[in-house]
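Shared between the two complexes below is subunit A, which has subunit B as its partner in the first and subunit C in the second.
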Partner chain A sequence: MVESAPLPETFSDLLGLEQFGVAGEFLAGLLAAGLVGTFVLLNTAVAGPWAKRKITASFTDRISVNRVGPWGLGTIIVDSVRLLSKELIIPEDADRPAYDLAPLVLAGSALLGFAVIPMGNGIQVADPEVGLAYVFAVASIASLGLLMAGYSSSNKYSFLGGLRAVAQNLAYEIPLVLTGASVVIFAGTLQMSEIVAAQQETLLQLGPVAIPTWFGILNPFAFALFVVANLAEVGRNPFDIPEAPTEIVAGYQTEYSSVYFVLFYLGEFIHIFLGGALIATLFLGGPAGPILPGIVWFTIKIWAVFLFTQWARSALPRVRIDQLIEIGWKGLLVLSFANLILTAVIVGVVGV
Partner chain B sequence: MSNPWIAIGALAAVAILIPVAMIVVSALLRPRVPELSKRATYESGEIPTGGTRIRFNIQYYMVALLFVVFDIETVLIFPWTVIYNDAVQAVGMTRALVPMLVFIGILVVGLGWAWRNGAVRWVRSPRAQRQKVER
Partner chain C sequence: MSLEKPVPDAPDEVGVTEDGLDYDALEELVSEHVIDRESHVNAEALVIRPDAVQDTLSALKEEAGFDHCSAVTAQEYEDRYESIYHLKKFDDPTQQLSVVVPANKDEPVSESAESVYRTADWHEREAYDLVGIEYDDHPDLRRILLPETWQGHPMGKDYNQNQPQVVPLREHVNPLAEDHSAGEDSDTMFVNIGPHHPATHGVLHVKTVLDGEQIADIDPDIGYLHRNEEQMCEQSTYRHQIMPYPDRWDYTPGGILNEWAYARAAESMADIEVPEYAQVLRTMSAELTRIAAHMLALGTFGLDVYGDFNAIFMYAVRDREAVQNILEDLTGQRLMFNYFRLGGVSWDVPEPREEFFEKIREFLDGLPEYIEEYHNLITENEIFQLRCIDTGILPPEVAKNYGATGPVLRGSGVDYDLRRDDPYGYYDELDWNVVTEDGCDNYSRVLVRMREVEESAKIIRQCVDLLEDWPEDDREIQANVPRTLRPEADKEVYEAVEGAKGELGIYMRSDGTDKPARFKIRSPCFSNLQTLPEMSEGEYIPDMVASLGSLDIVLGEVDR
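Here is the complex of A and B:
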């Protein structure tokens, strides 16, 4: 594997920004952040909602957007103009600062998580030693945004939705983090680039096909647990009770309109893709793959995870709130502890 | 090697700038037609009754308390997972694994206790229980 420096250093070498000290570093960081942010938003804001409608339509045997442009691609632009030019209606008793901050917190925290994800070809904003812990920490700020939205809207549906969202995120955060920790036992580090590098060896040679030591192949049990916990963490079916439309209208986002609604919608999409990026990095070898460049493989992998969430959305019925709590605390938590100890024992005996 | 947190700070600036820019663009585009009844909260089209700060299920507190315990635990587990592989080679598997097993064991016993006392079982209100029996 080619050792590549994080993106800001590439920029600072290219433009000769070292001479400006910290300001130069910040400028290089801004350039890198702009590039990564554009890549993420291209996937989540531009392609994501359109793909979601197309995929759902295919699953339910319907025709989806096809009027504006080829395959309805023009709908993306039409929709963004339509949503941004809607009137912003703020409910009477809204708790103002919290009501306005919630969409910012949700969208911002999701985007921040992408800082340490290695996307191949040296595209990575930063590579701190505590990379994995950082992603979990930043991604869970979203719970705060959801609670703020639910509480400050002064609507009973929003309130219940916010509470449900937090209860769900709390219940599934621990299995998620513990399963991530079982990957760390294999890799022996929290640094994302090292975790990816640890998955590059060949496990088995089957003729021309080399099966790599991706952690999803080494430990499929942890992979399954992580995917399920991730579904709950991003609030997709079967765990979408925080915004269950048949029970509590739209949950925490009931009272949000116009650009605030766009930010909520965007934040959710970025979270789904962040979950996909985490799954790809921890279990599917990150940007690794034959022939094609790393960034292409990385994009394919996160879209595969996105397709899976959409499949789950179309195929699986929603669980009830009491079932959700019991699956989380009695099922996944116990299983993730078992997975952690089992992994430790196996690694200790085999000695990876 | 430059400090990675500067670049993360730059991304934080971008992550705030993009939503703020969207809000500004929208503020320039959108109409503003103030009208009082518009601002009523949505309650299935009825006039909203009562306050929003209603009494809600105690279960939300119970799981939040449990979460605090287990979240601190995961924070303590992470350093162990990082050094585990080296520790097995240095001092052997028993000395690397058993202290963590004891630590996790104590917490699992705690989870079992919470489980037995119904902290992770969804509590139904007496009224909901009655309705279920009548049906």
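Here is the complex of A and C:
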């Protein structure tokens, strides 16, 4: 593992931007953010919807897109043109500023989270000491976006969807953060690069195969909790209650069309990938892996999580809203507290 | 033999004798209200006074055991209106009785039967809507199939077909309109679920009052797919023109099962004997259709409980495809089969016969594996059980009172299946079982359908064996039926078969021409859908959606 500085510093070294002072720093930051943003959007906006179609089709015994271009790859372009050229219909009674801002808040909040994720090969926009807290903080702004969308659309289904979204996120944010905190106890830091670094040692050597000290292996219980809570956080089966199409049409996004809908759709994808990035960073050693460069491993890991969410979506029924709240507050919360305390005790006694 | 129905504890019912019903005793029971007696093909009919409907029916229900009001037929004669209550017993549906209630030509009013049979609520609303009879003491006599602003009653004699009907959106219910029926300061919210909604399986409109996420009150609003199929059948000839219509009521596809309802009624009216070989073909094709219909029901229930993009729907459709291919080979059609003819079927199995039978056997051999997969994926899933067990409760007594039939009734533990209890076709010669589940919930109804698929497979296998060994010179697929069928005038018949969704009944009255004077369809979905408020009120929206899915309605049959 190459110890590397965050991306903006690399840029400013390469291009000699240091001489421009604050302006140079700003430019370097912008370049870094642009690069990471492009990478994230390539995965979520370009490859994501196409891959989702292909993956779901495989799970459900269908063929899926195969007409435009090889493996239907041209569909990506067709889809973009189709979605962007649709009429933007805004309900008469919509609460305008909130209605317009909601898609931006949703997509933006998730994108911001990627700023502190170390993607390997030194690709990381910033590495603040409170990295993990920052990710959780910006990711939960999404709840606000969902509530704004649900409330401002002036539609009863949207309203129900917004309320459901907030109730669900409240119930699952806390177990998510608590489980994340148990990782922090292991690693002893909130800084993302340090959390990754703490997972690089070898736990067991089985012949040529070295099993690393990934927290997913050290504490599978926390890993499972986090994965479940994350499913609820991103709103996928069995927890896709906020938009449950057969119950409340499309929930908070019922009244959104055209570009606004694209932003919602994109926001969801970015959220799923951010969840994948968090799982990879906290439990799967971040960009670590043999032979291939870090960024490739990191991409493989987030796509694996994406695959898992699609699998859950194809095979699991959705729970009812009251059952979901019950699972969240009575089940996951208790378990995540137990996990936190146990981890603290074990770490305290063994003194890792 | 497995087909025998468990004998109920000998009920002390008036009119039950060793050899069928004693109609004189029944007439005696309600003699003070009876003004006349008629003879219908399927049963005797008592003509009673229009102001004594409740007394008569409750006496017949309480003392003579007629606990099933199968249908209410309304019709207009030259000199009077008439409502016919077709009564049956859930214990033995061969014991039938029709109660005829005449009403004054100028002011057609008769007493409502709603307080005796809950199911009469919708049936009488339909009679009011289409024929124009008014029912005294009915709790909610509104139009049901046609818009509220419709002028006239289309099945009445003086209805003007050419009269323009103005149905303005502002007068009809606008699904987007704000509704303040719950009051400004109440805690409830009114929401229109449908007519365009992912969960309603067609154009059903459920007016829902929500208290938070819970359902305070719901009112299914039907009729968006109404085509007045009854009138279309009345304008068609018995011999050939009516048979394609039943396919269009249940397009899931329950088509062949529905064709049998018409075939049975018409054959009973014209006294046509169907050759045995044709009966076996009918039985086999009908059960194939039942498998296809139940597979689709399972798949769409998966959509309701799992959400879109789930594997269940596609798996069910994939396996249903095998049945569709077999039916296509047999009938030449995939959806609108039009396979039955009066007195038989349209063709024998396709040549080479061996290949066709092999294809069916291959499907039947694979079926247990599919079913196992469904059980793994669906019924054994803990989340599925969490969602479906103890939701959408329909107690047996309530189900009977609403006239629910088919898998819905059997899911409430009532052992009632016309294939066995009122035998037709070749069913009573074969070895199979009637499936019941005692859970009364969404889970039981789904389980009943899955197990019925296995029973249908048993029936098909026996039919294939029979067809294979049938002597070649005895393969008669069609009885000798005149080219133009003119049953003698004033014959009335009500016959029902076990369709995919339940008891599908046809009432016909002849007038000596080659077209029926009155054609009435008793749709199982229509009666089953009535139970939705009973099941859903007080539960959550997702439970209501699941209950709706477990009822397995097809709007083409509800609205006709």
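Keep this in mind: the second predicted complex is superposed on the first by the 352 of 352 C-alpha atoms of A that agree within 3 Å, B and C clash if a C-alpha of one lies under 4 Å from a C-alpha of the other, contacts with A are read in each partner's own complex, and residues count from 1 in each chain.
What we mean here is this: a residue touches a chain if its C-beta (ideal position, glycine included) is under 8 Å from a C-beta of that chain, and two chains touch if they have at least 3 such contacts.
Source: prediction; values computed, not measured.
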Worksheet item: Taking the superposition as given, does A:114 touch the first partner, subunit B, the second, subunit C, both, or neither?
Response: first
Worksheet item: With both structures placed on chain A, which of the two partners, subunit B or subunit C, ends up touching more residues of subunit A?
Response: B
Practice prompt. Check whether A:8 is in contact with subunit B, with subunit C, with both or with neither, and answer first, second, both or neither.
Written response: first
Worksheet item: Taking the superposition as given, does A:68 touch the first partner, subunit B, the second, subunit C, both, or neither?
Response: neither
Item to complete: Check whether A:262 is in contact with subunit B, with subunit C, with both or with neither, and answer first, second, both or neither.
Response: first
Worksheet entry | Touched partner set for A:300, first subunit B, second subunit C, both or neither | neither
Discussion item. Looking at A:349, would you say it contacts subunit B, subunit C, both, or neither? Reply first, second, both or neither.
Written reply: first
Item to complete: Return first, second, both or neither, reflecting whether A:25 touches subunit B, subunit C, both chains, or no partner chain.
Response: first
Discussion item. With both complexes overlaid on chain A, does A:59 touch subunit B (first), subunit C (second), both or neither?
Written reply: second
Practice prompt. In the overlay, answer first, second, both or neither for which of subunit B and subunit C A:51 touches.
Written response: neither
Discussion item. Residues of subunit A that sit at the subunit B interface in one complex and at the subunit C interface in the other, please.
Written reply: 156-157, 160, 249, 321-322
Item to complete: Report the residues of subunit A in contact with subunit B in the complex, numbered from low to high.
Response: 6-9, 12, 22, 25-26, 28-30, 32-34, 36-37, 41, 81, 84-93, 103-104, 107-109, 111-112, 114-116, 125-128, 133-134, 153-157, 159-160, 163, 166-167, 170-171, 173-174, 177-178, 181-182, 184-185, 188-190, 249, 254-255, 258-259, 262-263, 321-322, 325-326, 329-330, 333-334, 337, 340-341, 344-345, 347-349, 351-352
Discussion item. Could you list, by residue number, the parts of subunit B that touch subunit A in their complex?
Written reply: 2-16, 18-20, 22-23, 25-27, 29-33, 38-44, 52-54, 56, 59-60, 63-64, 66-67, 70-71, 74, 77-78, 81-86, 88-89, 93, 96-97, 100-101, 104, 108, 111, 115, 120-122
Worksheet entry | Residue ranges of subunit A in contact with subunit C within the complex | 56, 59-62, 156-157, 160, 237-238, 240, 244-249, 313-323
Worksheet item: Contact residues on subunit C for subunit A in the complex?
Response: 189, 191, 197-199, 210, 213, 303-311, 313-315, 318, 377, 381, 383-384, 386-387, 540-543, 545
